[in-house]
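Here the chain labels run A, B, C, D, E and F in written order, and each chain numbers its own residues starting at 1.
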């Protein structure tokens, strides 16, 4: 991507991309580093890209370990060049800002080629998620079923179905627009690298390649407790707890923990006026913690918790 | 603290302070929020300050739940007004910048009053620590012994002794300069609020008050596994792993985990040049992980791990 | 409005909106805080919103006391998120920046519902205006007449007609596009809150509601001097005095003052070169001061004065 | 003052200074632009400096129309080079930052020469004051008396005595340290240029020169209402109303207005939560408004009003 | 151009433009200061504009000495208002940011009027070029021939043909879109003013005016060495040397120097790790240095050299 | 150097230092990268440090190729951590900002060890110098004589004597304070790397080592034109041309060029008002150009030229 700056008139930014073209077979896309403060995907995808034997590949593997490279180098969610969240920039614009140009390239050049897209996120600096893959509800039972099979082969501990979030500007939405099977993930968070999350990502990529028969081998989809990926959903609008005002939020829960409506979720403290009583925050539905907050200091409107529930199949 | 700004010529910043003066008895200082991205202390100290019954107090309790208030409000380590790390500003300067003036006030007005100082930290946005109290080696066996007793009554899972870190500019060092018994802590990290760390802080404060007989009651110093606070140390210079260059660090360990010299600590990845092999990083001594890194993206010279070892008593 | 930021991946910004739907009757829109350094509208609209008895309403009242909320919280003209002037962003863009998305929402969801729109401004930090309502010349005598009646019922001391300012990007222009009667105002300025301007805004809103028969009562359109709102105009291009270069402008006039062409408007000083004579600035037409400058330090191209004249009716 | 910057290795900043040395006679200092968002002094002092006939001078007149020149050029209170408030930097430091070096020069080179110092302020962007001169209480009746005579000859509408404000770092304090008679002023505010305040400053400077017999002529100390400068004081700590939290402050008063303890001073609005009732703020003592707030949006700790009372002579 | 800012609600920015309309004859456009860190064009165009005798003109001369005026005042490549590179903004957008609005004006109002466009650049702060004019390959032999004649009359030491650089967003591309003959230049660099480059620009402008018969006189197209402008090209992708990683680049060449494939172009040093051997960089083709780097410190992807070769005529 | 930042609580910055201790013999210090936009020293010193054979050394060589490492990495004059010019920070402060702590270390730990100090500068981004070494006049003829010999062995084309510049805060001044022979240099400029300047630095370092007999060999002090280093001086205050106001400066000279008092040095252009005549700037003394300006856009007080004259020996 050409990118002028004050000290480099004709500079380019080289976004890393690895393409292994093994002839006949399906095509798959793995994207990482869409947010620069999410690291597991960057490590896992680049490691697979270095290790895979091109001779063993039947089909095409496209791997972008760090889509928003400037954000990845800075360790930030937002791209430092144009201040944009890359995952709100698809389908992009060939004449727009850095992220918009890059989004346009992925929308028009990469996405039309692939049958399967796996966009690996890990919640970033400001949250921590239950280790999961994610998919969107669509009104086509066959697509739902096949995406469930894809997610079961990625084999994160949880797979979470979402309804009705307007996502036309995400990488996932772009994949869906082009008719590709699409999942994303949230593995990790708090802005650090979780060793177990890296292993989940690596196994998931390897499993998907085997399931698609791009490489040989039998996917390993076992879970530590002996079972399979648990099917969950986030559907009810009451799943989301937003901060009612600025403050310091003390959560009383951890990811995956079971909770019930009316339980105390936490307290919102007003440290500048320490003698003021904190404001109690309650859960509004039963379920399990899907997303926990990452920063103690929240602003009005920040997400303090998201609740997932067992998938009810429709 | 008076503090001019472009939009407020004669503004003041009110740093919260709670003083409960119950007449005859010893004096203790609890400080929180010395770094604004460390939250557990802010919650625990302000809660105790609201709940304590002044009638029950014999002695003086001084509580600053958010010492660097502007940093606390911003959720940042460094003070946004003068860009300083408050814990590198003691003994301060009455004519200096915001942190320097505030440090001067604490050094000259607060510290001379107290017999015991507990400065509660929690590792902040950029690291996560084994849940511990901290003390410094001094050449006075009696002080060491009494500080060990203080730490045992604070009753974090670990108590870690440090040698030879030049700390004249910290709150702890200020307490020591004034002859007070002094511990600090590192409970939590990754910039979020750990529910268990808040409970450790609250119990620790309450225990210290009881141990000092400022309030009635028997300290509860039990640990979940039935034992007591484990005595540890960080003494060997090889305890510290520094990043040898910029990159994305993949750790292979978690806090408290036992490790051995020569074990692979992690890999330093170069995502911009994904095809370059990551650099392996090895531990240099045996021990347990005291501090784990918080951000995947490290800069040359950043701490990637700190190792603690069993305390050897001298 | 969803709004990602580095420390809050899924945050939302809640723009306050009050809708009182009293069944059958006309619909009116009151907007305030379109510029964040204009305060009277924010106070007046939110007070009316709290005080009005929903039972007494016949029709629909839509009130946005702080349209550009991030700018209002910051006390700035430009939105701190995207650096835009909200009143240059209509009709907006559903995929654009914060202000553009919000403008799109108002253009497509709010404006089509209303018959009357009153957008309350107060000149902001950089100017002070004669206390007035404002309307635009259109080539439809009936619309002009009805807008004059609306302005008379808002009952600011002055009502000023403007010609030929391209305003397709303002809230007023959006209202006109949708066939609504539309006035805006300039009451106050210098970035502070004028007590008398708050009262004018409150009475104006109340009067409009009564005039539209949305609530009962008789509008009070009296002026302190016993007369009515004075009808004025800004038509001649020579009404605008622009700074010919950077400098410190010393005005010799106050809002509402009568002036004549050739009078000395002020002196442009060059303090860095104090021995250089200031440059005298003269008025170019007769009239009254409509707008006085707010900052002593002007940049080339800044408006130093705007002159209004008696409305000549065509 | 030499001042390196990235784009100018060996640059200097020329702070304007005019010295008229008319041989035998007393020496006086007039300083303006100590805060860059206060303009009247810059205009008045540079105009006098250009107009005065050196032949007519007996003694020495030192005039700095824009002490903090970088702040003056930027129209800001704080110096843009080092972020300091110049009027908190005396006595300065020869090896410090820009403001500190400049303060050192004034403290050590200028102040020892003068018998009288007049430092002209005008409240700046964030406040508006009753048009006044200011003096500090000292424990020497003779100094008090002579300073009163100086203030009466400057002849602002009010002269206000202050007690107990620690001012060792101001230009006034520096003058007092060197045994000079010293007044400062607050004429104007809201970050704009008040034509009447410029005239007060010009007459005041001219009067002081005549009173000191540096130039010929009889001072004109009349007031519009026929009387003299009113002697006032700000002594009671309850004179200051600070903002109890962030919000939008609606004042119900104007400078000079008479008020009584218990009167409603204004309302603190919470526009982001428009349905929350504003917090009423009451005056705590009787008196007259000396200082009114400049920005609608206040932060916790900002001054919202200062009350002056009749001077009681001791 | 109207341009709101926090401290100037209704400000305008006056971009300088000189139009000399001498009646019948062709029209020519000279643009300078498209990048604010390129100065020769600003000096040369404004000097010609002041010196030319309007009576002597047959046709129309449109001169913009500083197109991106805010960047020119700041001495920066990128516009400080919207952070854009103006020469990546054509054809612009009437509702966009500052540069986009200005680009739209030039695209729609200026370009349709002119037969010849000369856009004078000088490599800016980050590079230095062989003193040259520049043209683009198009598939129309007649246009190529006439542009060659134009360039020969501009008479820089070199004229360089480029292939296949996507330039739809530049001023040159805009000129081509409107059917005008178009050249640009790179004369100078390193962010300073080269006296010889100013003279080349002034002679070039004068020559073009004479060649177009807009003014009388015979163009002087001689070169110091007695020859003519040398025809060169940059065609081979291997002409561009990009920095393979961040570092300090030590070039071993100067502009215009002849080099051969395999020659050592320079060394990329890693000063932070001074003991690491620098990375040697080799030229990949024979030719002459067209562009040399301006900053010692390069980032991965920055251009370190561009090679030109003799024009081969097709 | 320990250096906290928001994203790295316990980070250190490793400033590179190479010490070759060859036993008995004198000690010499070579410093580079004191300003981060001066590159030749960084390359030359680190290359010598890698190439020198420790076995061949008699004495001690201390080499800091990039003293202000953060500035060097950023390619800026000022340190990006504390905004300071390192060469205005000696003797430093052990409790101060980054540059102050580093200066303290050099002042107290390095300087007391050395007999000779060579601090290599190259004018940086904002200027270009005649290739020279520099020395300061002191009132000790022996020191002058020996420093002249040192400079002749460094063997830059020019050696320039300076009078009366207060330099207590520079690296050179620190060396002088400790009784070391001291020269610095200005080789290069315009923020790029000059190949010939790197060679001068490398030969100079090697020559000094041979002259001090730390390594074997005969210094090569020849000049291209067959002569020796020319002895020059900058003594007359009229040597410095400062910009009388902001503008675009067109110089009419190049470094080393001979000029005479009254010659036109250049023109100061006012591009925003292109029709205004540029202000001519004249030289005030005879001599040769020592320093030429680097940026076209100058601010009032920037140095536009410095003149050197033949050394007159006293």
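Operating definition for what follows: a contact is a pair of C-beta atoms (placed from the backbone, for glycine too) under 8 Å apart; a residue touches a chain by one contact, two chains touch by 3 or more.
Source: prediction; values computed, not measured.
Enquirer: Considering only chains that satisfy the touch condition with chain C, which of them also satisfy it with chain F?
Expert: Common neighbours, chain C/chain F: D, E.
Enquirer: Given the two chain pairs B-E and C-D, which is bridged by the higher number of C-beta pairs in contact?
Expert: Between C-D and B-E, contacts are more numerous in C-D.
Enquirer: Looking at B-E, C-F or A-E, which one is a repeat of the C-E interface (more than half the contact pairs shared)?
Expert: Equivalent contacts to C-E are found in A-E.
Enquirer: Compute the centre of every chain as the mean of its C-alpha atoms, then state which one is farthest from the centre of chain F.
Expert: Between chain F and the rest, the longest centre separation is with C.
Enquirer: CA centre of chain A versus CA centre of chain C: separation in Å?
Expert: From the centre of chain A to the centre of chain C is 44 Å.
Enquirer: Could you tell me the distance, in whole angstrom, between the mean C-alpha positions of chain A and chain B?
Expert: The answer is 33 Å.
Enquirer: Rounded to the nearest whole Å, what is the centre-to-centre distance of chain A and chain F, using the mean of the C-alpha atoms as each centre?
Expert: Measuring from centre to centre gives 52 Å for this pair.
Enquirer: Can you pull out the residues of chain C that are in contact with at least two other chains?
Expert: Chain C, residues with two or more chain partners: 7, 14, 37, 75, 125, 272-273, 295, 300.
Enquirer: Dump the list of chain pairs that touch, please.
Expert: Pairs flagged as touching, ordered by label: A-B, A-C, A-D, A-E, B-D, B-E, B-F, C-D, C-E, C-F, D-F, E-F.
Enquirer: Along chain F, where are the residues that touch chain B in the complex?
Expert: Touching chain B from chain F are residues 3-14, 95.
Enquirer: Going by the contact rule set out above, which residues of chain F touch chain E in the complex?
Expert: Those residues of chain F that touch chain E are 14, 16, 18, 33, 36-37, 39, 42-43, 45-47, 49-50, 65-66, 69, 72-75, 125, 128, 190-193, 195, 198, 248-254, 267, 269, 271-275, 277-278, 292-297.
Enquirer: If we count contacts the way the header does, which residues on chain F are in touch with chain C in the complex?
Expert: 245, 272-273, 300
Enquirer: Within the complex, which stretch of chain A touches chain C?
Expert: Residues 35, 37, 76-78, 85, 88, 123-127, 169, 242, 295, 298-303.
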